[in-house]
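One structure, as structure tokens, below. Some questions next.
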Amino acid sequence: MSEYSDYPTAARAIPRVGGLDVSAERVASLRPDLVLATQEGNARGPVTALAAAGLPVLVLPTGSLDAVLQSIRRIGEALGRREEAARLADSLSSRRASVRERVSGKRRPKAILLVWPEPPQAAGGGTFLNEVLSDAGAENLIETRPGWPVVSAEYLSTAPVEVLVLPVSTGTRPAFEHALSAGALSRGSIRRARVVWMDDAVLTRPGPRVFGALEELASAIHGADSRRSP
Amino acid sequence: MRAKRVAGGLAAAIALLAIAVVFGLLTGGVHLSPVDLVAGVGPAGETARLVASLRAPRVALSALVGCCLAVAGAALQALLKNPLADPFLLGTSGGAAAGAAFAAVAGLSPLVSPAAAFAGAIGSSVAVAALARRGGRLDLQRLLLAGLIANAFFSAVLLAVFSVASGQTARTMLFWMMGSLADATPGKVLALAPYGAAGFAVLVAFAGRLNLFAVGEENAAALGVDVESSKRIVFLASSLLTGAAVAFAGIIGFVGLLVPHAARAAVGNDQRALLPVSAIAGAALLVAADAVSRSAFAPAELPVGAVTAAIGAPIFAWLLLRNP
Amino acid sequence: MSTLLEARGLSASYGATPALDGLDAAIGRGELVALLGENGSGKSTFLRVIARIVPAGGGEVLLEGRPLAGFPRRATARRIAYLPQSTELVFPIRSLDLVLQGRAPHSRGFSADSAEDRDRALAAMRACDVEALAERDASALSGGETRRVFLARALAQEAEIWLLDEPTSGLDPRHRLEFLEVIARAHADRKTTVLLVTHEIDLAGEIADRVVLLRAGRALAEGSPRETLTPDRLREAFGVESRIVTDDQGRRRVVPYAPSR
């Protein structure tokens, strides 16, 4: 159980073995029945070590909503709960499909998703968040740049940004608010953008809850009753 | 002084700075038309003026930071009689990074970051100077070694801090460490200016002594210089310049090392000419590098330290190759 | 002859290594004194203490009867010129500028730049036959040329005391002789007091007014060349057996021929 896992609340009771870098020994000492690892985000070393030690390791794909669904199915298989997993995956999949349907045909507002305000760091092309933004019916202005590029304040002040998606936590929100009022997000055209605050614990960590965030984002961008918001 | 050569070098440096400033104001991710800027009305004019008002502090800060780093580098090269000395050699970069990292990880407001970085830089310099003391004197050879030790130590500290920091904090720290002028404000320019002016004034006042040091510390002593006091003052002034520059712009390499060499090739090693020419050329280089960092992959920004390294490494290699 | 410089019980060390260990010596105004001794006997260190590069660890040096350490550094630098055995020039520097550094103690901010300074510097370079090299980069000159530029610098400094550390080592015969000529002329014309560290026993015998023999950081003997440069003294100072010969010019020479057993 990593430090980032705080949902559902029952999960908090499970022993912690570290953050994104994990202590292989700590994991091994807990004698798990199965170790779940992702292709990115976990240190390759500990994972390889655990596999070499004979522990069953399941490496899961990441990087897209499809990957989340695949992961769910694979976990289900590994735990012998294939039916349950398939049900969950299917329901999430259909939720996603209905969001896509809801937003199809509508004008896609130009959007930017910033993971950090100063310097402004955006979700670019090929990222998981880019896909979420796209599925929610928005056009990511930074899609042409891969990864997590830092964008210049001058660009933000002249770009035709209509929607600004800000995933925050209680700790990071003040920094974003400062940027909006007096910092890199306070001048020019970015001021006219509509700000959509999201819970970053839900939006930025690939897992089943992301689909809920996707719905929330789509509603925020396009209106709950499918009307285009001003 | 070879007056003509110096005047020529100075003029060239000023010209380069002027070009760089114009380049810096006009380029970037967003196209800025000079016509709109000067005579535009309505949205076009407003946009142009807005962009210019965003770029102007960056250009000013780049110029100041470039100035500080180049002058500190030139002075240290003379003091240490070492053409490979750069402003970070004495532990200031490691200390600054550690200071800023602690502030970030401790969750302090980003406004505190420059102060923390500055404190780290000065703290490190003082520790390095203390390490280099030998029988009441500041031993310049030990100073180099002590600086290397300090930077190595701080690298280790930083890696440890990175490993416990959240992903986002780590990314922001990394971006800062590679040098960034992204959040330049007129306030920062005004805050840095006194350090730059004071440091520069002190070093220029010591130009004659630095010329003597450049032939050797013993040479300076034999010609009547109070070498211990001079070493302390030059070291302190350089650390102030470097610490202040790093506090506001992160760690930008190559400027402090390269620009003095280029200036030396143009006007010779007389510090009375080298220091001012390095200052102006350093400003020009960083203004240009910042403009490139904003334009090369617009709207994404490159860390300016990456740009100076990309420009600096080949130039340095070329300088080495043409000097048998 | 009045005493200009005096060492009393002078000690100095580099870290833990003692170089001078209670040296007593007196140098008269206008004298040319040769300092001889084997390597490590403290000759160079003595010069460097006088040049105020190395601090005295014990005892003192007196200049005109007053402790050297009490003088402002700039004041002594105007009066004492030091020519080290070698100086590595890491940065390019115009030869004229290197010579002008000799004027630094006389100028504000240690920057000599007036027309008068330039004239004196060029005159000094002329006297050392390096005027033609004035515009050239000193770091690119040959060893001998560099040495003469440094000599010109000492001349330009217009100091009354010269400290020369093995000034002729590594010079070819012609340049060695020219060098010695310049020294002799300065000594004669300007009554410069010269302290000359050398390994050349004959040179000491020929040009020195007095000789000080050093051993293990102390003065072993001092006096006129004839008094001090004797086979017994040389045995004590250098551990060599020597004999006295008279050359075809009638000059007395002391020639070492074998190490002492």
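Going by the order they are written in, the chains are A, B and C; count residues from 1 in each one.
In this text, contacts are C-beta pairs under 8 Å (C-beta built on N, C-alpha and C of every residue); 3 or more make two chains touch, one makes a residue touch a chain.
Treat the numbers as computed from the prediction; the structure is a model and nothing was measured.
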* **Category of the chain touch graph - line, ring, star, complete, other** => line
* Structure fact -> Relative to chain B, the most remote chain by C-alpha centroid is chain C
* Taking each chain's centre as the mean of its CA atoms, how far is chain B from chain C in angstrom? -> 43
* Asked: So what's the Cα centroid distance for chain A and chain C, whole Å?
  -> 78
* To do: Calculate how many whole Å lie between the centre of chain A and the centre of chain B, each centre taken as the average of the chain's C-alpha atoms.
  => 38
* To do: Please give the residue numbers of chain C that touch chain B in the complex, ascending.
  => 15, 48, 51-53, 73-78, 80-82, 84, 87-94, 97-98, 101-102, 104-105, 107, 109-111, 113, 157
* Structure fact -> In the complex, chain B touches chain A at residues 28-30, 47, 50-51, 54-55, 107, 110, 163-164, 166-168, 171-172, 175, 180, 182-183, 294, 297-301, 303
* Asked: Can you name the residues of chain A that touch chain B in the complex?
  -> 19-21, 115-116, 118-121, 124, 141-142, 145, 148-155, 157-159, 171-172, 175, 178, 183-184, 187-188
* Which residues of chain B touch chain C in the complex? -> 1-2, 77-78, 81-83, 134-135, 205, 207-209, 211-212, 214-216, 218-219, 221-226, 264, 268-270, 272
